[in-house]
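Below are two complexes that have subunit A in common, paired first with subunit B and then with subunit C.
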Partner chain A sequence: MSPDIPDVSTAKTRPHSAIAPVGLLVLVLLPLLLMPLAAIFIFAFEGGLSTFITALSSPDAVFALRFSLFIAFATAAVNAVLGTFAAYILSKYRFPGERPLGIVVNLPVAIPTVVVGTSLLLLWGPIGLLGKFLGKFGLEPMFTPFGVLLAHLFVTFPYMLGSVKPVLDELETTYEEAAYTMGASRWQTFRYVILPALRGGLFTGTLLTFAHSLGEFGATVLVSGNLRLRTQTAPLYIFAQFEAGNVANANAVAAVLAVLSFIIFFFLLQYTGGQGRRA
Partner chain B sequence: MAIVLDRLSKSFGAQNIVDQVSLEIERGELFVLLGASGSGKSTILRLIAGLTQPTSGRILLNGRDVTDLPPQQRGTGFVFQNYSIFRHMSVSDNIEFGMMVQKVPKPGREAKRDELLDLVGLTGLGDRYAHQLSGGQQQRVALARALAYEPNVLLLDEPFGALDVKIRERLRRTLKDIQGRLGVTTILVTHDQEEALNVADRIGIVEHGHLLEVDRPEALYARPRSLFAATFLGAGTVLVGRAHGGRAHFGDFSLPVPDDMLLTEGSRALVLFRPEHVVLSSEKPQSDLPLIGRGTIIGQNFAGAARRLQLRLPLLKSTRQIAPPLPFGEEGLLVEAVLPAEVGMDGQEVWVCLRGWHILNHPKPRLLLYDAGAGPATTLNIGKHLMDRLNASATVLGVTDESEAGLDLVAALRTQKEVDLSLAVKCLRYGLPAEQIACEYAEALYEMVVVAVDYEHKTQPERLRETVQGVLAMTNAAVLVVKKEPEKYRRMLICTATHEAGKNNVRVGGRLARRLGIPATLLHVASGSDSAMRFARNHLHLAAATLRAMDVSNNIHIRPAMNPVEGILAEAREGEYDLIVVGSHGPGSRPPFALEDITLQVLAEAQQPVLVIPAEEV
Partner chain C sequence: MRNWRSSGLLPRLRSALPIIIFGLLALFAIHPWISPHSGGAAPRAIVLYGFSILGEVMNEGVFPAFREEWRERTGEEVELISSFAGSGTVTNQIIMGVPAQIVLLATELDAQRLADADLTQPRSWRNLPCGGVVNRSPFVIFVRGGNPKRIADFSDLTRPGIGIIHPDPMTSGGANWAVVAEYGAGLRQNPSNPEAGYQLLLGIWKNIAALSASARGARTEFEQGFGDALITYEQEAVRDKARSRFKLEVVYPRRTILSEHTLLLLDHNIAPGERELVEAFANFMWSEKAQRIFVNYGFRSVDESLNLENPEFGKIQDPFLIEDLGGWPEAKKRIIDGIWKNRVLKDLKQ
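Then we have the complex of A and B:
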């Protein structure tokens, strides 16, 4: 080919041609995603490292972070069991009303979390449908750590189900049947054959549940009563401190939450990336 | 006996997947269940393993009744087509799994595992995972895993189906070798006849949930008892002729009928001959081998060691070819021969003789007579007449939706039985007629459904139409609708259109005409354009050739008419036909603008019996 004729066929793949569209994308994302995230860290360390550490070591902040982590662990643990159970039932059994049930268990993703909080209050709260009677026995689930856990279980339930069920659907029944013919009981089959096959789904589901529980605000603010040192989670603490004008305190906790989320996200990416390579 | 199946049945809803299967398998035997997909062979295997519960019947493994035991307590080793190797376990852990859950101590487990790895030829691969193994290796693991806990019986469900040909052959030999060495009783399910002939000690042929025939591979290939086995296993030609004076006649040549076979004078006889039994010679042979005739070579396939030849021979008098099926419009006989590859055939014309053959019994056609309950005499007369003419067996079916009416029907059926004892099988079902006819048809595979209507009964035509429509929509049965019993079936009118379904009308109608021994007229109603006429003429000539090959004398007629229904009815009146054959659009597909389907209009208007042929081949 003579040098003065431009090579049209490779023009598209020239590296400099990507600069314009990629630049445009970054420009759009900058104020939308990147700058706000940066702002948290800038503000958190505005007064220097010592201010940051002081803000974090206040009893309220420590409690809020520890409580949030505790609730997130508890939610992930309970939903790992509950979600797997639901996924197993929905995947392996055929029954009338299967489709409606499948929709109902996924509903929490679609409902605004504030509505979830309201509905829980209307059921378990002091004037709620069930709460009215429970109150007579001195049981008040709302405005307690248990109430918070309840809200978080509700809101994050579909994430576990959504991660585990597709894996179960893919797993052919012949694996179970092979185990049965070899003498394995139902439980042994579940323990040694099905559960290990679910590892990936369980891991993803647990991380997703954990992350969502850590950041949950809408339902928590209603059912917790936002009681400091009793039911105040980290996001509630951030909001309360902001409202009270203590921006530094809010930012410090927000920065910690952001870092935790990054770590979870990193593991999720690692795992799903690894899956992609293996497949 | 290692495995005994005693009248084992399994049905899903109204469908019998496995129907009254009885079988005894000896210790150490390698038994192959051979059948097409959907024949129920895999279900039989699953029933033995306990993965599916039988509807009725018993299963004995090594003399122990396991019918009600869960799969865990049956001690069967099962190998699936998809291998089902546990992906998160190493090969060793997979093999040890059965022993682990059965609490075999670790040292024993490891020794057994190493022995099995060696046996299946995977020594040193114990630490690998499924995704590091080829399909063939995975299936070897599955085999080792199923043998690890020393099962009573080994069950293999299409184990080599997903592998390519070379590996399949090697694994087959490995399996046969291991099975022989361990002496474990084995059942292998396959649709691959070559695989069955290769490995089996005995083969059982399964069709529509029935175990048709059980025998050694050699015997099954050389002397099948059923037409299905003859055509399913191996290649070959099957001709239908007639028995006279202890010989089966096929045109000008005849073959002796074996003494143990009882063929009544004049009844139909079948002959099967394999390609390797066909002898070809360019000179007219002087030997005393039966000579079929002089044929033309129409095709050759070179297949390595052998050369397969396709030959066309002129039609033999009063003889029809069943297998291989003739293409539409084919008038001659098509015969396949096999020669060593190095033998060349000079010229196109050769003399064709037989040096081996096998005479089969012809199965009796089966009729399903639907009894609408109102006019028992009509159904009975028609049934009796058809049974006599076709030499058929029949089942009389009564359907009712109320239990009290059911009792009446039972009484009516009982009186029928007294009138004619040859209508041996009676059957009563509850529900909607169309659905119940469809169920009965699906279960027992009748050749034809006969629906009789008492014309004096005012309410019947409407109900009957629904029933016929329902049966046509739900089954691919040929349905004969009889309003008035003709004194005699003398002439048949076959209405045929130029599409695939029209060809089916000719084949099925022709079969009935041949059995009744009556001539047929092929009718095409055309609306007039020249190209349509040419097309129709061409179609009718092919149809006529097809009928001639079936030994049915016929003539063709193109009738110009705008409305096909009027054309058909006018022709039926003028020609004094006793039987009209029309096609149906088949389940679910009706032309979008037809206010009233042609088939249903003909049914409503015609006085003669009408045979409705489904769109798909019966």
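Then we have the complex of A and C:
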């Protein structure tokens, strides 16, 4: 019992001295982050739970959420493979043009998403460079779910790379060399030595890709054609409903997206936190 | 209890949580494709792009009525795939190649742009009923409740100290209607003075407090408390009044234009097998049933007798149409470009 007493006294003085700076931080964050998020939920439930559920169960809202999730899963799956492949090449091979290539694959982080949408339209669209040619064979990737997927793959490409490549760079080459000396093929080495070490990076990268795809707006609005029940993602639905003055519908879906992003963030936090404790 | 925890069930459950949640989300995302109920071909669909204020009436009113009629006639279920944005935006989307089959535009000017881009025959919409016009809405003035600035007509908007919210004619179809409404009202009030239209237009534009990209945007801005008056479609008020959601007041100018909203078909997006369905829906818009729905949603029908059915429609002493100003191609050249852009905007800078 007695050893606890000094602890309690120091614990009492420390929060006291922190009141001013912590209070200031909360005061700044309140209107900046916390209150806007709270507003979504307050307005979503303003008309009661039944209004919220009605707004969410309209065919348009259900489709938009389902389509967004579908695209997010597809984007995460494709970029998990493509991003890991790119990270592996960039990390394990030395070749001329390595640096420019490394910059290009990270470029989507810096390009405004609206520019991504425009550039995709100017390439694949019916009047685009390749699209004009493809159109003759009846192939029109833009304004279809495939066009949306293309845009999301582009925009989220660097997340997987950014999560996996640092791990690969730090991985001790001795294990790989040992595997090779024992007669393992390149694939076997990758499968049994490298991949297990990448689990954390893959997990974080996939979650980041998924979360970003779920919320993507700028590129999607241009390449999707914003057709309800066809290519309208949840963020596009929110914007369209807000524009039309149906704020309740917009808020209901916004609240769901917010909850989904909290869940994803919670997993990320738990994972990185768990790693920190283990280290 | 302690035994249970040390057996590792709880941590294992926690690490399985992401898998469970994402598994459920994935199931939700793909279940229409794997559920046995969704077997069979997807219903045929009509793809419609329209300008913003038509969204509600088309999705909730006109299309469900058409679907019912089509089901009765043929037994087939059809679907409407639609997208609504500002008229200029819709026009640009179509030029970029969205797969629209039917288009509803705020002005014939945007239809003309599609013809200029070789996406439809020049004036193809003129062969449709009523020259392609599906409905109308007069341009009116919204003021604050109680009309504190005592605005009764367009001429009152020229008084000093009045702030006007207006959509931007560079991007909004509604704004083009507003400009010709203002010009035409001046001209008709004083037909002997050829400068009367220009003078009223200049007087109003001296008081513009803010421009907004679309008619909807201008209304939102006005509702946020900016400005004393807003010039926009009557429809914006009528529908809300019926649901007693309208907190502003409508002032009917003595002389104003009735906007006309143009429908056109984009033949290159209509497969031969779909033509009958798409044309049936297009023609349905001029049926008495559809026109009555438009009236219910605050649009004025092309059939004058139906307009008596909505008591919220206000009286206008001297309504006029774009034909009275020589039609859109002429009005665009002479009024929008010649007078508004080249004279009013320049005079305002000085």
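We adopt the following convention: the second predicted complex is superposed on the first by the 265 of 279 C-alpha atoms of A that agree within 3 Å, B and C clash if a C-alpha of one lies under 4 Å from a C-alpha of the other, contacts with A are read in each partner's own complex, and residues count from 1 in each chain.
Criterion: contacts are C-beta pairs under 8 Å (C-beta built on N, C-alpha and C of every residue); 3 or more make two chains touch, one makes a residue touch a chain.
Predicted model, so just to flag it, every value in this text is computed and none were measured.
Q: Does the subunit A-based superposition show subunit B and subunit C clashing or fitting?
A: With subunit A as the common anchor, subunit B and subunit C both fit in the superposed model.
Q: After superposing on chain A, what angle in degrees do the C-alpha centres of subunit B and subunit C form at the C-alpha centre of subunit A, to the nearest 10?
A: So the angle at the centre of subunit A is 150 degrees.
Q: If you stack the two complexes on chain A, which partner ends up touching A:M142: first (subunit B), second (subunit C), both, or neither?
A: Only subunit C; A:M142 stays clear of subunit B.
Q: Touch check for A:Y192: first (subunit B), second (subunit C), both, or neither?
A: First partner only.
Q: Subunit A residues in contact: does subunit B have more, or subunit C?
A: Here the partner covering more residues of subunit A is C.
Q: Is A:M182 touching anything from subunit B or subunit C once the two structures are fitted on A? First, second, both or neither.
A: Touch partner of A:M182: subunit B, not subunit C.
Q: Per the contact definition in the header, classify A:L121: touching subunit B only (first), subunit C only (second), both, or neither.
A: second
Q: Report for A:T174: first if it touches subunit B alone, second if subunit C alone, otherwise both or neither.
A: After superposition on chain A, A:T174 lies in contact with subunit B alone.
Q: Kindly classify A:P112 by the partners it touches after superposition: subunit B alone (first), subunit C alone (second), both, or neither?
A: The answer is neither, since A:P112 touches no partner chain.
Q: Smallest separation in Å between any Cα of subunit B and any Cα of subunit C in the superposed model?
A: Value for subunit B versus subunit C, nearest C-alpha atoms: 17 Å.
Q: Using the touch definition from the top, list the residues of subunit A that touch subunit B in their complex.
A: Residues in contact with subunit B: 172, 174-175, 177-185, 188, 192-193, 196-197, 199, 278.
Q: In their complex, what parts of subunit B are in touch with subunit A?
A: Against subunit A, the touching part of subunit B is residues 49-51, 70-78, 80, 82, 84, 86-89, 97-98, 101-102, 131, 142, 145-146, 148-149, 151.
Q: Spell out the part of subunit C that touches subunit A in their complex, as residue ranges.
A: 14, 17-18, 21, 25-26, 28-30, 32, 45, 47, 52, 55-56, 59, 79, 81-85, 93, 95-99, 216, 220
Q: Under the stated contact criterion, what part of subunit A meets subunit C in this complex?
A: For subunit A paired with subunit C, touching residues are 65-67, 69-70, 73, 121, 125-127, 131, 140, 142-143, 225-230, 232, 240, 243-245, 260, 263, 267, 270.
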